[in-house]
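Below you'll find the structures, each written out as structure tokens.
What follows is subunit A paired twice: with subunit B in the first complex and subunit C in the second.
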Partner chain A sequence: MSSIFHQTVLTALISGGIVAGVPLMLTAIGETISERAGVLNLGLEGMMLVGAYVGFIGAYYGHSSWLGFALGAIGGMLACSFMIVLCVWLGLDQIVVGIAITLAGEGITSVLQQAQFGTSYPRLGAMGEVHIPLLHRIPVVGPAVFEQHLLVYLGVVLVFVLVWVFRHTNVGLNLRAAGEKPEALDAAGVSVTGTRSYAVLCTGALAGIGGAYLSIIGAGVFTPFMTQGQGYMAIVICMLARGRPAWVLVASFLFGICLSITTALQLAGINISTDLVNMLPFIAIMVALVLFGRRSYLPPALAIPYVRGAR
Partner chain B sequence: MSAVPAREAMPMVDEPMRPQRSRTATRALDLLMRSLVPVVLALVAGGILLLILGRDPLQFYSDIWHGGVQQGSWQDSAVRMAPLLLIAVGLIFVFRANIWNLGYDGQFLLAAAVLSGWGPSLVTHVPLWLAMTILFLVAAAVGAAWTLVPAGLKAIYETNEIITTLMMSFIGVGVANILVKGPFQDPSVNIPQTKVLPINKMLPTIPSTRIHVGVLVAVAAALVAYYVLTRTAFGLRIQVLGANPRAARHVGVQVRKLIVSSFLVSGALIGAAAAADILGLWGYSRANWNPAYGDTVIPFVFLARLNPLAVIPFIAFYAVLSTGGDLAAQNANLPTDFLLVLVALILLFMTLIEFVGRRRELGQSYLPEGLREVFRKPLIRRRPMGTEETA
Partner chain C sequence: MSAAAHLSSEAAGAGQRPPSSGAAPVVELIGISKAFPGVVANDDISFDVRRGEVHCLLGENGAGKSTLMGILSGIQRPDAGQIRVDGEAVDIGSPRDALELGIGTVYQHSTLIPALSVLDNLMLGDTHKLRLDNEGARKRLEEIGSTLGVEVDPSARAADLALGRQQQVEIVKALWRGSRLLILDEPTSMLTPQAVEELYKVLSRLKENGLAVIFITHKLHEAAFLGDRISVLRRGQLIGTLDESAVKSATPDQLEQRIVDMMFGDLAPSLAGAAELKADLGEAEQLEAVQAEPAPVSADEALTLERVSVRGEGSEPGLDDVSLTLRMGEVLGVAGVDGNGQRALAEAISGQRKLQRGEVKFLGAPVGHVGVTGRQKLGLRYLTDDRLGEGLVPGLPVSMNIFLKLIGEAPFWRQGRIRKSAIDARSKELVERFDVRTPSIDTRAGTLSGGNIQKVLLARELSFDSKVVVFHKPTYGLDLKTTQTVRQMIRDMRDGKAALVISTDLDELLEVSDRIAVLSRGRIVGEVKPGPGAAEEVGRLMIGDVSLGAAEGAAA
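Let's turn to the complex of A and B:
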């Protein structure tokens, strides 16, 4: 069994964990922003799919992963604009609209994919990995961690920027207030609707980029329903992290390893049922919820539309 | 927590009945409009989308009519109703208690896997009616058992059941696949699927139709659910819990027990839906098979205002839409996933219509509560918004 700890296997495990974890991380970071601002976004799955499709189209025809990510972000924002108008501006039920966005995202991307490519699934080539000088020569960790797409490092930087924003800036304070006590924010003269709007817009953009990463880098191909519940996993990661971006980073990486463990095990020559392996992240989440669920924290005003003056 | 189930479950309880016919008539018309307009708007918007995609919407919808109603295909639609209706009734039970059971896929597929793995050997040993009853009960038990963990977590720790049911759903789908590929796999074929029930050992059909008994079971379940939810103490407790958990605790409802029991009923009905589908229509389970009935049922459950009787026509409508939609999508060279877009449009328009109906309450925010009550009373009959529990 020593083959499990073979160098290539470990490298595959870590780099697979990163590749699978980054979409989760970006999406969960987005969800953190909107949950902190008091909007429960159940449409992540749909936004990721839209981002994945649009991003793939951009990267396929534009031959640039960055164009793909940009378009993915725009696609995600487009999908979440429904959420902004219906839930934030009009105060309609966030859960129902979230489910609707997920269904619409699944349906429309599947339809468009078939309209565009029929039943063929064109693949993308490898897209611009960067080799960080010196560091990528470290055995095991080097090729796994320091030979990723630049977006990975930007995403990690974003996490720490977000920690700083939440803790030390007015914007972060406004976001938190919109979820904790929107009345207070309103009384302080800041628009709750506006704050929540840009929070949800950020969520859509990040979920779109996450989806685009999934299709452009992760799979290199867009297939209908390719997110397979990752949007929901992002929501759980966000809840387990209790709104703290740094914990989102750790949790996403762990779930990424769970998602990619099949490939690593196959490299090690161990063949176990993919169904069992695919269940691992969800089992891990259930165990985590049973053990730590009591302490999970949600903002008090989460999923409650803000109506000025209403009690 | 969302307030949709709560608000719809207890319409104007705090309002003395006024014996004015015109007002009830207006209300009925209002309800009808609010239920039908989203569907119509969604069909129109879907038609526009079809135009953008370069397809003929009229052709598409007439194909749906042709493939879902005409020339005996209404019987296929009726058969498709059975699992949809049972799932809808199962969802109504929990939604009325303001609980979200979104784990229907796992509950459904696990029940389907267990009963199609065990069914073929059971029907050869016991009489058909007994085997069918046992299989229905087994499926219900499996579906109910799969809700136990989320129910327990919700009852004890108030863990968000949206997340737990979804996670259990993914696990359930995985377990169902493992069962179908492993112990229940038919050894005589290469593709991962269970043994097929012989056609004469499935649910009996109504003479000279293709409609099987499961459809009747589903309709009966809707009727019973209506009775239980509106005429029994259990139904009242569920409504009170859904309207306000704190009030429910106050009036002596054992909230934890009630959460678990409404979850169990819901899971059992969803399991029974699997039984109706497998025993009546398919006869076997395949690996990676997921009809995802639940996703598409949800909008119609809301449109029917969580009323088990009113949901029947809506489900019938969707059954026609999806049965005919298969043909229409094939003719238009679209994937059947296009129907998901239609369903999502119905949901979106539903919430929009809800907004139009509610707008009157939104503007009056600058008055103190007491004053607002005075202003509101003669005008609006609904509960003020924003009074829902901060869950």
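Let's turn to the complex of A and C:
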């Protein structure tokens, strides 16, 4: 059993946690933005898949991970534009539209994958890793943390930028007001529709990038339904983090470890049924919800369409 | 910094010109009309307000006051008519337009965000720069605060402030961008008497600073006390405006009489309902006279609380060792500053809150272990103050809301199936008896006005074999006429039933109760019989047992 603490196993565990945690983090950060603004985005799963597919296409034909991420963001934004028009502008039910986007995202990406590649699943090579000088030589942590794609570090920076935005800027204040009490924001002369629209657009972009990371870096391949519920996991993470980006970071990493534990266990030579291991993240979610669910905080105006002057 | 400086210079500019009453109006409304499906809310209304005056806009609930102000503050758009600011025609398409034109509004329902700090609330909507200008905002708050004579802790969470204090923040917020016109929509409806006093002081300082104020209310004495000019709205029409000379020359009594005439119709005798109300008012006075004699109270104990303690909820205290006795044929009032355990008391009696200690007896029998439904069936009813929340289901029709607590019971349900004919027949009868003004019994209850919603609840709680009813803030937020009707219903409970009236309106308690118990921090601190000097006595008890912190909250 001591082999579990072997250096390579730990490195693989941390590294895998990061690789699996980053898409969760990006998506959950996106969800945090839109939930703070009062829009519950159940379409994350679909947006991630669209991002994953479009991003993969970009990286595959453009031979650039950055092109892939850019296209992934655009794909995510396209997918969430339905949410903006239907829910934010027209006031339809956010839950229904969110589920519709998820289902549509799953279907469309599967069909496109089939049409494009048939039954073959082309792979991408490794790309875009940066070795941070000196730090990557630290044993165990070094290779795990400091030999990742640049996007990982940008994502972490984004988290802290967002902390600042929420705390110290007008934009952040407007976002919070839109979720806490939209009529107050409206009375203060700021468009609730506008605020919520750009919040959802950010969510779409981030979920798209999250998905693209999953296909380009995480797996190196696009397979239909490859998100496997990670969009919903992101919603749970966002809820447990009570809208605070720094907690999203921590929680995403922990769930990432749960997701990547298979590889680490294989390296350690421990033989547990993969089916059991694959259940781990979902068990972790249920445990987390049971333990901390009561502490979760949702903005009062979440999932309630705003109509001026309505009672 | 630049944003704050810009704003303050604007305010200073406004202050330089001396206040003059006969001046040109700051804002004029000309021929404003607005219709909603089924109602004409505003019908050809012309109205103006000048610098340095308080123009009171008076009318019953549903007279169209709030719609008119919604139009001025950019929430609603008029169907016809023109708005002029400083003589120029303007188009107010959104709240932002209104703010930019210098029209600040304090809405009836708080627009503060409870979870945010005072400063964050005030800064909301300042979109000149990306970064929040905390320092500038602090200075601006101090500046406006000193003008108004108001001091607020900028970093306090809005939710932690007393209601009166919250409203002061709302006023600061409305003036934040250098408004020249301040609209206050029913500002006193949530306030303690002390907080109302403070509000009056703030208003007089605003006047001195040359601001124009529109003060919307349905309380006569407020309008008579505050208004430089008074306009009366009724059923969407502007009945008339009493100008300054008319207001100043009349004694308060004459003035109130004139306003009553305008509101209820001697000047327009064709309108129905006017005579009725006059009769109601007259009757009320007579009843007060009657009430001075001790009412015959039977010895039967209707409701007894024996050393009851219950837990509080959130910042509200629970009950601590409360004993009360209500006899049949009696109306017992419970006075106290809001948030001193009123809700806990009501819910302990209704069965919604578990007793920690003590016992509740109904008609001599202990009911502490009986559930909510059980107590209702026994005839112990509770008229909640949370009308729109636990009071009714807004999306269900009026008829179903009347039967909400009888679901599944014969003869209105049979073997799990609803008997619509029985329900409809009984609902129609009750709607008529309680004078609920609704288009039909199938109308969704949530669309009714506040007064009519209360009548629906009264129809439910006072019918179906009720014996003892707990009224919690029964007339809070209601218009004059409905208030009188409800108070009459409470007095009628003396006839073979009993009532416990929990209210923060002392005048109301003095008017309807046989005895008044005073609740303070979850304890009954004394009992007073209505009569000369009773109000002072109750006031003394309300404050007397209260430690410094709570007294501060009461005053704020």
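What we mean here is this: the second predicted complex is superposed on the first by the 311 of 311 C-alpha atoms of A that agree within 3 Å, B and C clash if a C-alpha of one lies under 4 Å from a C-alpha of the other, contacts with A are read in each partner's own complex, and residues count from 1 in each chain.
The rule is simple: contacts are C-beta pairs under 8 Å (C-beta built on N, C-alpha and C of every residue); 3 or more make two chains touch, one makes a residue touch a chain.
Note that the structure is predicted; figures quoted are calculated from it, not measured.
J.: With the two complexes superposed on chain A, say which partner A:Ala104 touches: subunit B (first), subunit C (second), both, or neither.
T.: The first partner, subunit B, only.
J.: According to the stated criteria, A:Gly220 is in contact with first (subunit B), second (subunit C), both, or neither; which is it?
T.: neither
J.: Identify the partner contact of A:Thr169: answer first if only subunit B is touched, second if only subunit C is, both if each is, neither if none is.
T.: Only subunit C; A:Thr169 stays clear of subunit B.
J.: Contact-wise, after the overlay, does A:Arg308 reach subunit B, subunit C, both or neither (first, second, both, neither)?
T.: A:Arg308: touches subunit B and subunit C.
J.: Does subunit B (first) or subunit C (second) touch A:Asp186, or do both, or does neither?
T.: After superposition on chain A, A:Asp186 lies in contact with subunit C alone.
J.: With both complexes overlaid on chain A, does A:Asp93 touch subunit B (first), subunit C (second), both or neither?
T.: first
J.: Just checking: does A:Gly229 make contact with subunit B only, subunit C only, both, or neither of them? Give me first, second, both or neither.
T.: first
J.: Under the stated touch criterion, name the partner, subunit B or subunit C, that contacts more residues in subunit A.
T.: Here the partner covering more residues of subunit A is B.
J.: Quick check for you: in the superposed arrangement, does A:Met239 touch first (subunit B), second (subunit C), both or neither?
T.: A:Met239 sits against subunit B, while subunit C stays out of touch.
J.: So subunit A touches subunit B in one structure and subunit C in the other; where do those two contact lists coincide?
T.: 308-309, 311
J.: Residues of subunit A touching subunit C in their complex?
T.: Against subunit C, the touching part of subunit A is residues 168-171, 173-174, 176-177, 180-181, 183-191, 308-309, 311.
J.: Inside the complex, what are the residues of subunit A that reach subunit B?
T.: Going through subunit A, the ones touching subunit B are 42, 82, 86, 90-97, 99-104, 106-108, 110-111, 114-115, 224, 229, 232, 235-236, 239, 273, 275-276, 278-279, 282-283, 285-286, 289-290, 293-294, 296, 298, 300-301, 303-304, 307-311.
J.: Taking the complex as given, what residues does subunit C use to touch subunit A?
T.: 70, 73, 75-76, 94-96, 98-100, 105, 107, 111-116, 120-121, 123-127, 129-132, 173, 446
J.: Over in the complex, which subunit B residues touch subunit A? Could you list them?
T.: Its residues touching subunit A are 1-4, 53, 100, 149, 153, 157, 159-160, 162-164, 166-168, 170-171, 174-175, 177-178, 181-182, 295-296, 298-299, 302, 333-335, 337-345, 347-348, 350-352, 354-355, 362, 364-367, 369, 384-388, 390.
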